[in-house]
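In the two assemblies presented below, subunit A is common to both, partnered first by subunit B and then by subunit C.
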Partner chain A sequence: MRQDRIGFLFLTPALIAVVLFYLLPVVMTAVFAFTNMSTSTGIRGGDYMLTEGSLRDLREQGLNEATLSHLADAGYVVDAEGLAALAEAFGAPLAERVEAALGGQSFATGRDLERALRDLRAPEIRMTRDRKRAADLFQRSVLNIRHDTAAALAADLSAAGIPQSEQDPIVEVAYTGWSWTTRNFELLLSLPSTARYAINTLIYVALTLVIFNVGLGLFLAISTFYLPERTAATFRAIWFMPRILPPVLYVLMWKWLMWDNGFLASALAPFGVERINWMMHSEYHAWVAVILINGVVGASFGMIIFASAIKAIPQTMLLASEVDGATRWQQVRFIILPQMRWPILFVTAYQTLSLLASFEYILLSTGGGPGSATEVWAMAAFRTALNNYGGNLQYGMGATFALVLVIIGTALSLLYLRFFNFQALLAKPRIER
Partner chain B sequence: MRLVLDGFTKRFGDTTVIDALDLTVEDGEMIALLGPSGCGKSTTLFAIAGLHRVDGGRILFGERDVAQVSAQERNVGIVFQNYALYPHMTVAQNIAFPLRVRGASVADMDRKVREIAGLVQIGELLERKPAQLSGGQQQRVALARALVRKPDVLLLDEPLANLDAKLRMEMRSEIRRVQLETGITAILVTHDQVEAMSMCDRIALMKAGGIVQIAEPAEMYDNPADRYVAGFLGNPPIAFLDAVSDDILRLAGGAALGAAGTLQGLGPIALGVRPEHYGPGKGVPLDGTVIMLETHGREDLFEVELAGGGRLRAILPAGSGVRPGTTVDWGIDMTRVFAFSPEGRRL
Partner chain C sequence: MQEQRAPNARHWPLIAGLVALSAPLVVMYLYQVIDTVTTTPPGSIIPDGVTLGHWRFLAGPLSEGGPSVWSLAGNTLVFATCTALVVTSVSVTAAYALSRLNMPGRGFFLGGLIVLHAFPTITLIVAVFLILQYMGLYDTLTGVILVKVAFELPFGIWIMKGFYDSVPWEIEMAGVTDGADRFTVWRLLVLPQVQPGLAALLIFSFLSGWSEFILPLVLAPANAPQVLATYLAGIIADDRFADFSLFKAVSIFYALPVLAIYMIFQKKLMNIYGGGTKG
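Our next item is the complex of A and B:
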């Protein structure tokens, strides 16, 4: 019992880290995914303000025209506040005349008030333009006025003569903060770009994984296994370099290689090959570049895992196969490869998950282009939520993208764990083979 | 098939580990390469298998020199200490592997696998994986795999070292039976003298990359070429006494042993006395004290400190009643004693 507690004590830092850096972000992602948070809503609460835009939305929602025009025009009231402003703009005599003639009256539209003012025949406002300016001073519309609470807006609406029964949708539209919604998911399913991102991700993960992370990794591990130890170590070190290099530098070197005045173009120019941007010339060029750039980094991981797995095969087993008459190729085919099943599965599983979530090399090289030809899911999430041209960062929508990725990743992990039969993988090694 | 090593030389870097070794193994003979670890016996075996490059000399399989031929193209079978079975293949697939890499037909493989599995008595285990077998069964599978393509030579690299004592006894006679039944030429590498003596027709005793003596087991035991051979063979081991030979033969401590005979006037020498040749009523009595007793069940092993210095071992039937501390006057059977020069040469 006490030992259990000590165990937990030692685990605490790890548990805290797991909660802080894994569980919490996942939970937050899930929460954000069900909101319409964006730059315009902010991530805190908002206030209530009706704009021309909200009136358009309300019309689309089918609010009756009478109320709409009431909202748009409502509220020209000759009150003390307006008279004071009038006195300041056109002088006190006019204000006194207006107060005497129209004080306390309401007008449905600006036009009505202007007509009333014209009937006064005051010299200060003989020009139509001046009358209009004077009328505007009495506008008491609810439009473009910031209210801190829904109640405050409702009170103003009542004052403007909007019936109680129609206030709810208006208050809702006027809210400028974020709200709970499932519209992100509907949008995700309906947008054609979603399918594009999904297919791009599939291409990216599958090709990088099969050709490089597993294929090339396996080839390098096996070929270096048959080299003298020193040569093999040198080769592996060379292949490991991209992993040590900062990604920005690494991609910069690829750009130097592939740009239209880069090494490749310059080297081919004397042979009459047109100078093109080998990275971005077409979507095929972009895909080749993206997979090469990711694959050359990714291959070293598999190489290291596979190389150590091959080294773990008892030497005598390989010697026995030689004496049994197996050629090098047969040795690889019948002895080494069958025993690489677990390492291959492990690298496949691990690299699938890391490729699904990674997009930094794509972002740095093609930037998802040309167009969105190489834009993958994780990058779409990043762009939507954190970095796009429009400037309206849609946190909620981005989180929805990310949540889908989290779900796919978790499902794949569970599948792999089952597939791996982790219990067996963690079993004590047998000393005797 | 007759196997000849003619001036076989092996170097690792600048170190010559085996220098011009000659060895002939007759057709159908089983020979042991016996020696302590590091004496070059496994190196020799690996060179015969083609797993080590040969740096000099010839290796003849019959009339064919295979010194520069790759392991794949020599026709040998090998059994390793750890069996080296392929863990992902069934027993049948393991045994069939040498045939499979040569492109044998399925029917042919099946027939040969059943035949050889019957010979080593694992016919009912063919569908199992190596991990499901006991050590002894794995050893039989390894033996079957080595034999399935009827090799010119069967090489056994410490094949019994990983087995427990009881299984080791059983497999010792099994391997010998199979070797005799197939009539195959075989080389056994071991550091265990009992294995070498009980399984092989002849023993090549090795030391520091060379062969010290090649002889049949009984001959080597009864007539060792030098002090090293005498000391290596025999369990419990032989005991050595310092002695002086002038007119008569006496121990270094002074006790006279009798006429010097052919050893006359050689000065300081060493005498080798096997435990079975020292005991009550066996020639000249020598005063001594029993300092240790080991009970082996059927017999007792004594260690005796002689009055004039030196220790001897004696092996007597159980029930002698002699306890440690007892003073004894047992003697040495002088007709069975070996004499060695101070350099270890047999006199």
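Our next item is the complex of A and C:
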């Protein structure tokens, strides 16, 4: 087999996965952002149904009262059309009897008509089930009936005697599905909470990154570098654990530490410190908790990257500086830190994106609270679309939130592609065939 | 400078600083284990008795009609194992194509790989949630596995490509000169060379699947496909159980495979996590 053929064969499964779960979702996020999809509209387009609620809406829109009361009252009418249907279903004799006894009459509910039919004592409809079936043939109300298409609803409206000229607004109100809209973007720009989420995200990313991923990460890498191997390994293992532990367990440990009946509260109580929930007591407590929890995981990422970069520094450089009488601090300042420029850039670039989109630890610890003090952008998207207490999930609005992140994410990762030495990766295969 | 000797006077200030920094973590780790087998009076931090009561969930469901941890562990095992196997097998071929095969569009695919590797996948969750609903895979373990695999793939291919890149060309040249086609060369000569990479990726993606929380939470919230992560988060959030010792026992049960794998493969994992994608 030729190698380009094998190449495509080898790539195909990965390509399918990428198309289905990266390209399609990126495009669909943009598409969904222009819809008003939510739990109540469903996601598959809708049907047409008039309810009491839609009548209220129509009254507000100024539909004339006559039509409204017609819509509200239209119930069961014994008319020619219904009689024809009845003749077909149960035979002409019954239809004639019904026409003679009830022709032209209206009934508010199906039950009223059934009662009238029972009083006829016709053998064809002796069974309750049959009577119900017969009564249904005369139903002319359009309330609370699902219609699959606009045309079906319009036909029923005509049958109920609503003039063609007034049907359009009624059909529009009756639509239960989703529709295209740009309202999400208007909302996004006008809601005060949007700015709040943006600022929260900025604080969260900046503080976690600077203090922990880079700051603490560097400190851990450099300090363990100067310690004897076994001592260093112990500390590295302690700081590596948060990364390996499942997030649910990791956050549970922090909750236990900071919750109001937890370790901190109990340990400080003998010293006269009031028992409080150290994680949720105030906005500041929550922020410290969120940044600590994310930061410790981030610090271990930094530590690993920086530690391996320090290992790559030629020993001779460090030995020479020691011979020249450099102190440890001077060594760090003038030899190690300058070599850390690229690793720091890498950690910053990589973690900015990953922090920007992550909300797992926040969701598990403060849940965005107290209030929405620690709610970040990615979590707002998640909550709006997938998980809120109200229960009406706003898929369209959530997608709009997510779209902003998707755009930033795509732009930044394309930028990194330019930024980090791409040509080196492209080393040409050395076998032609 | 790495010194093999025992700590000397010069090291102590540094060690003292590190101990102070690490103390909260160590306290958390210690109590995470101790609390599962002891009782502690309310408001105290010193245990006063030994008990196995916190492990009662092993015998039967915690609440009437609740799931048993064993079936949850089964789901989690299926989820993590399938994720690991599929991620590894898809990565192992795709990475070879990207690393070694001369094919049109290779540069484009490589660029795409780097972009995907940096791209924060979790932002796609809203769209993926709706797409799974359209596909009819919502609330199934299959759906979550597919999404998890796709999200892990860029990392997996990246890692495997690194391993392929370090295989000497001479091995392949020799195979090709002897008349074998590239597929045979890959299967018989190259694959054995990247076996450490295969093992590392299998372990990594298994752990990643075992720990995954958000995807099962969003894409399969029903009871049948529930995994340990979502179950544990559920009982922690549930007001009926306000018992940290119980949570800790369940979470130790949940994390046992992770801890075991960590003990065995510590060194290997530290290397591979350097390229990881978490927080």
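We adopt the following convention: the second predicted complex is superposed on the first by the 294 of 433 C-alpha atoms of A that agree within 3 Å, B and C clash if a C-alpha of one lies under 4 Å from a C-alpha of the other, contacts with A are read in each partner's own complex, and residues count from 1 in each chain.
Criterion: contacts are C-beta pairs under 8 Å (C-beta built on N, C-alpha and C of every residue); 3 or more make two chains touch, one makes a residue touch a chain.
Model, not experiment: these values are computed from the prediction.
J.: Answer with clash or fit: subunit B and subunit C placed together on subunit A by superposition.
T.: Overlaying the two structures gives subunit B and subunit C room side by side.
J.: For A:304, is the partner it touches subunit B (first), subunit C (second), both, or none of the two (neither)?
T.: second
J.: Between subunit B and subunit C, pick out the one touching the greater number of residues of subunit A.
T.: Of subunit B and subunit C, the partner in contact with more residues of subunit A is C.
J.: Examine A:229 and indicate which partner it touches, taking first as subunit B and second as subunit C; both and neither are also allowed.
T.: In the superposition, A:229 contacts subunit C only.
J.: Return first, second, both or neither, reflecting whether A:339 touches subunit B, subunit C, both chains, or no partner chain.
T.: Touch status of A:339: first partner only.
J.: Once the shared chain is lined up, is A:399 touching subunit B (first), subunit C (second), both, or neither of them?
T.: second
J.: For A:314, is the partner it touches subunit B (first), subunit C (second), both, or none of the two (neither)?
T.: A:314: touches subunit B, not subunit C.
J.: In the overlaid three-chain picture, which partner chain does A:294 touch, first (subunit B) or second (subunit C), both, or neither?
T.: In the superposed model, A:294 contacts subunit C only, not subunit B.
J.: Closest Cα approach between subunit B and subunit C after superposing, in Å?
T.: 9
J.: Overlap the subunit B and subunit C contact sets on subunit A and report the shared residues.
T.: Subunit A residues touching both partners: 319, 322, 430, 432-433.
J.: Could you list, by residue number, the parts of subunit B that touch subunit A in their complex?
T.: Going by the criterion above, the answer is residues 46, 49-51, 70-74, 76-78, 80-89, 97-98, 100-102, 130-131, 135, 145, 149, 162.
J.: Which residues of subunit A touch subunit C in the complex?
T.: Result: residues 1, 3-4, 6-11, 13-14, 17-18, 20-22, 24-26, 28-29, 32, 37, 43-44, 216, 220, 223-229, 231-232, 235-249, 252-257, 259, 261-263, 266-267, 269, 294, 296-298, 301, 304-305, 308, 315, 318-319, 322, 349-350, 353-361, 363-364, 378, 381-382, 385-387, 395, 398-399, 402, 405-406, 409-410, 412-414, 416-417, 420, 422, 425-433 of subunit A touch subunit C.
J.: Write out the stretch or stretches of subunit A touching subunit B in their complex.
T.: Subunit A reaches subunit B through residues 314, 316-317, 319-327, 330, 334-335, 338-339, 341, 430, 432-433.
J.: Which residues of subunit C touch subunit A in the complex?
T.: 1-7, 11, 14-15, 17-18, 21-22, 24-29, 31-32, 35, 42-45, 90-91, 93-94, 96-98, 100-104, 106-107, 109-112, 114-131, 133-134, 146-147, 149-151, 153, 157, 165, 169, 172-173, 176, 181-183, 186, 207, 210-211, 213-214, 217-218, 229, 232-233, 236, 244, 247-248, 251, 254-255, 258, 262, 266, 269-271, 273-274, 276-279
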